[in-house]
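As structure tokens, here come the structures.
Next come two complexes built around chain A: one with chain B, the other with chain C.
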Partner chain A sequence: MTGIVLVVDDEFGIAELIDAVLTDEGHRVLTAINGRQGLAMMAKERPDLVFLDYMMPVMDGAEVLSAMAGDPSVAKVPVVLMSSMPETTVAERCSGYTAFMRKPFKIAQVVTLTVKLLNRDGPDGQGAL
Partner chain B sequence: MKEGGDSGLERLSSGVTGLDIILGGGFLAGGLYIIQGQPGTGKTTFGNQICFNHVAGGGQALYVTLLAEYHARMMQHLSIMSFFDISKIPDQLTYFNCLQVLHDEGLKGLLALLRREITTRGASILVLDGIVSARRAAEDEEAFNQFVHELQAIAIATDCTMFLLTSSRGTQVTPEHTMVDGIIEFTDQLVGWSAESSLQVIKFRGSASLRGRHAFKITGKGIVVHPRIEALLARPSRPDVGGTGRVSSGLDQLDVMLGGGLPTSSTTMIMGPSGTGKTTLGLQFLARCSEAEPGLLFGFYETPARLDAKIAGVCRPLRGLIDQGAVEVIWQPPTEDLLDAYGERLLQAVQRRKVKKLFIDGLGAFRQASGIEPNRIGNFLTALMNEMRVLGVTTVYTLEVPDIMGPSIRTPIGDLSSLAENLVLLRFAELGARLRRLISVLKVRDSQFDGSLHEYVTSDQGLVIEATADSAERIMVGLANLREDEQDGITQPREGRDLL
Partner chain C sequence: MENTEAALQALRQQNAELMEAIAARDTFIAVAAHELRNPMTPIVGQIDLLLAALQAGKYSSAQVEHRVRRIRTAMDHFIKRAGTLLDVSRITSGRFQLSFTPCDLSDLVRETVETFSEPARYSGCSIAVDVPETLPGAWDRLALEQILDNLISNAIKYAPSRPVIVSAENLGSLVRLTVRDYGPGISSGDRARIFERFERAVGPKERRSGFGVGLWVVGQLVAAMEGTIVVDDAQGEGSLFTVTLPRYSDTSLA
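Right after this comes the complex of A and B.
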């Protein structure tokens, strides 16, 4: 299954890499350089999956997750939270993400997670990961 | 970590060992600084070290890259440094990459973002890594100048100290150089097969700084800077009150030859070829230390094990003093460190224990460590010894001098008179098939002394010097004056020949 994937990351090299990898896999990929820009994109076009960086200027990953949770139109979109920090550190500061990917990551992780999250059972991909 | 400085301007500690001394107390809070240097010279380590030190003291810091460098990778590299503390990220230290902001929104957009983030987070340090990208994004020179100018305005208005990290532009002076509060340049230079890192404070507003180059190393603790000793001690730390009195050299007969011992707070060089007993003489000097007059052995060539064996063999009283703590032994291999690191370690040890008798075994190691600038050694030692003098330390050091031909002494470190107030020479003399040892005093500060040669032997009591110059005189004139009963053990005499 292919879908629309939104990548939100200030490290644009990473956003572009995920874009290139997932485009090759047949997905349509949108990119944003901060949380605010990412939410604006979600408002225009609902993504099927979001790769979200934790530490960003203007609006960080925690704020985006909080905003998504309060917006029924995107509340159930699966989110892969990305960070250079360990998940335990990030988890103390935010919740609501579906999977965690620590940077630096391998391309195979991106592809595997995307396949898993887009092919989960249940509406809006909320089945078990 | 902010502190008030002499000028009343608030200072911000760099957290980089040695750098605050060079800067006269740290950076000026709210200042704008350029850190420049070729790739690989340590700028990124420096920027991060400053941030982590700042947040360790409770501050907030922002590290913004304008490069295609990945923070995850950078953190992996930094994680081996002791200053790296991931628990401070992101609440106190935040990393952003703003290269795309720069591309999308230009310098204005970047400025707006920085201002918002500094204000929102209450950041008092900003590191902007890769300022070259901002320069490229500027429409022209004027636009870039405007950017730097506005950045400075934000720094002042938010009390946020900013560091712009950039590749070196060599000697080229650009407009931003004239606008910022300070410039530090990092350099790497090859010395034979090895490389030496140094930094130079090219510009520093608000206070004096130690000018010239200062060596640094990137260690597990981050960057450690060693202020150049001759700059640090350009003026001794206190007035020279002029020591009076005498200190024993450790050998009663040598004290007699010196006219009553070594002048207090003076420096004495013991010269001679390898094997003449220079180290033994130094050990005997330290063997007269006490808790009230602590000593320090600062050595390079004799390893601790070899020193222990030597002490057991020729200077047993010193063992007890070391065990009691009256004498400290600091040993380091001569290839280990930078010249100024040795100087700094020596100074710290002297100050820490209020040392009164110092024995430096192997002055040649300082020259060996001077690496890139061997000519520095004269000024380095002069500054160091001047400081020892005002600290009331009587110093004895050894120098291996292989070439002693008659009255001519060639040393590897140049002018001796500026390096030592007292000179003692040890030498070998062949008499027949036997090697004899001779000691002489060449110079004593402001004092009369016995300048004649004396024969000495090495024993389990250390050096034992003849009370008179008679035997030395007979050695110097060869066998012509030797009586028959003195020729025991001498084979194949070469009569009438100057045996030196």
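Right after this comes the complex of A and C.
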């Protein structure tokens, strides 16, 4: 199953990489440079999956997660949180994400997670991982 | 008795300062690891992507070239970040030395801005360059590149979808470099602390991408070149970084 994937990362190199990997897999990929731009894009078009960087200027990953949790239209969209810091550090400020991907990641991980999260069971795609 | 109390007090004070220094060093190591892991991601990823595509035989030679160029750019980015961290360590230990060579500041500004064409496009910024045709002098080229690099990189990240203006001006025995953005600007409280050493300027839980390391290094490099840097609220909106540096001529170095 293919879908709309939104990548929110201030680093051009990372956004471009995930974009290239998932476009090759047949998904439609949108990119945003910070959390605020990411939320604005979600408001226009509901993505099926979000890759979200933790540390970003203007609005970071933690703020995006809490904004998404408070918005019924995107609250159920699965989110892969990304950081070069360990998950335990990031989890102090973040909740509500579906999976964590530590940087540097392997592109196979991006592909596997995307397949897994886009093909979850249940009416809202909210089945167990 | 009073002396003992005073000595104890002094020891406590010393102890607290040492603990603070250790905590600062630990934060630096954590920040350094982050600063290097982050730019490593596109390098590893682009190579993986290229390998997979080559194995599947689905890339044209033009696509291969495109990917290899991306790897090249990502490597340059990594080397710059590593260089910054090396500078931090050299500055901290007092082993930092400048190396002045003749160069043209206008060329340097144009070339540095050119390296930002992809990231600027990604953030929706257009970078305008306002420099005289030539601006010869002698500077530490790497230090100048780092200063510009950090200021431009911040401008396009903190003020996306807006123009950025980079200018250089010949003031005779001085030159003035400015980087102006039209973003949210920097609050007066933040303006006072952005050039401070990063681990003091932000707590670990507030760390944002790149915040602190870059501007602290910029401030140190400018000071090493006997220049000044100030940040103002640009008239209207955004921020304006102004760097003023001595302009040594080729011959004045001898």
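In this section, the second predicted complex is superposed on the first by the 129 of 129 C-alpha atoms of A that agree within 3 Å, B and C clash if a C-alpha of one lies under 4 Å from a C-alpha of the other, contacts with A are read in each partner's own complex, and residues count from 1 in each chain.
The definition used in the following text is that contacts are C-beta pairs under 8 Å (C-beta built on N, C-alpha and C of every residue); 3 or more make two chains touch, one makes a residue touch a chain.
None of the values given here were measured: they were computed from a predicted structure.
*Asks:* Label the relationship between chain B and chain C on chain A in the superposed model as either fit or clash.
*Replies:* In the arrangement built by aligning on chain A, the partners chain C and chain B clash.
*Asks:* Name the contact category of A:Ile33: first (chain B only), second (chain C only), both, or neither.
*Replies:* both
*Asks:* Touch test for A:Val21: chain B only (first), chain C only (second), both, or neither?
*Replies:* In the superposition, A:Val21 touches chain C alone.
*Asks:* Quick one: classify A:Val74 as touching chain B (first), chain C (second), both or neither.
*Replies:* After superposition on chain A, A:Val74 lies in contact with neither partner.
*Asks:* Considering only touches as defined above, state whether A:Met55 meets chain B (first), chain C (second), both or neither.
*Replies:* The answer is both, since A:Met55 touches chain B and chain C.
*Asks:* By the touch definition at the top of the document, which applies to A:Leu117: first (chain B), second (chain C), both, or neither?
*Replies:* neither
*Asks:* Looking at the overlay, does A:Met85 come into contact with chain B only (first), chain C only (second), both, or neither?
*Replies:* A:Met85 sits against chain B and chain C alike.
*Asks:* Decide which partner touches more residues of chain A, taking chain B and chain C as the two options.
*Replies:* C
*Asks:* Does the superposition put A:Ile107 against chain B (first), chain C (second), both, or neither?
*Replies:* A:Ile107 sits against chain C, while chain B stays out of touch.
*Asks:* Taking the superposition on A as described, I'd like to know which of chain B and chain C A:Gly13 touches: first, second, both or neither.
*Replies:* A:Gly13: touches chain B and chain C.
*Asks:* Chain C has the stretches 4-12, 58-66 or 202-210; which one runs into chain B?
*Replies:* Looking at 4-12, 58-66 or 202-210, the stretch of chain C that collides with chain B is 202-210.
*Asks:* Which chain A residues contact chain B in one complex and chain C in the other?
*Replies:* The overlap between the chain B and chain C interfaces on chain A comprises residues 10-14, 33, 55-58, 60, 84-85, 93, 103-104.
*Asks:* Okay, in this complex, where on chain A does chain B touch?
*Replies:* Residue positions touching the partner: 10-14, 33, 54-58, 60, 84-86, 89, 93, 102-104.
*Asks:* Quick one: which bits of chain A touch chain C in the complex? Just the residue numbers, please.
*Replies:* 10-18, 20-21, 24, 31, 33-34, 37, 53, 55-58, 60, 84-85, 92-93, 103-108
*Asks:* What residues on chain C touch chain A, complex-wise?
*Replies:* For this pair, the touching residues of chain C are 30, 33-34, 37-46, 48-49, 52-53, 70, 73-74, 77, 118-119, 122-124, 157-158, 160-161, 184, 205, 207-209, 211.
*Asks:* With touch defined as at the start, can you tell me which chain B residues reach chain A in the complex?
*Replies:* Spelled out, the residues of chain B in touch with chain A are 68, 70-73, 75-76, 86-87, 89-91, 94-101, 104, 113, 116-117.
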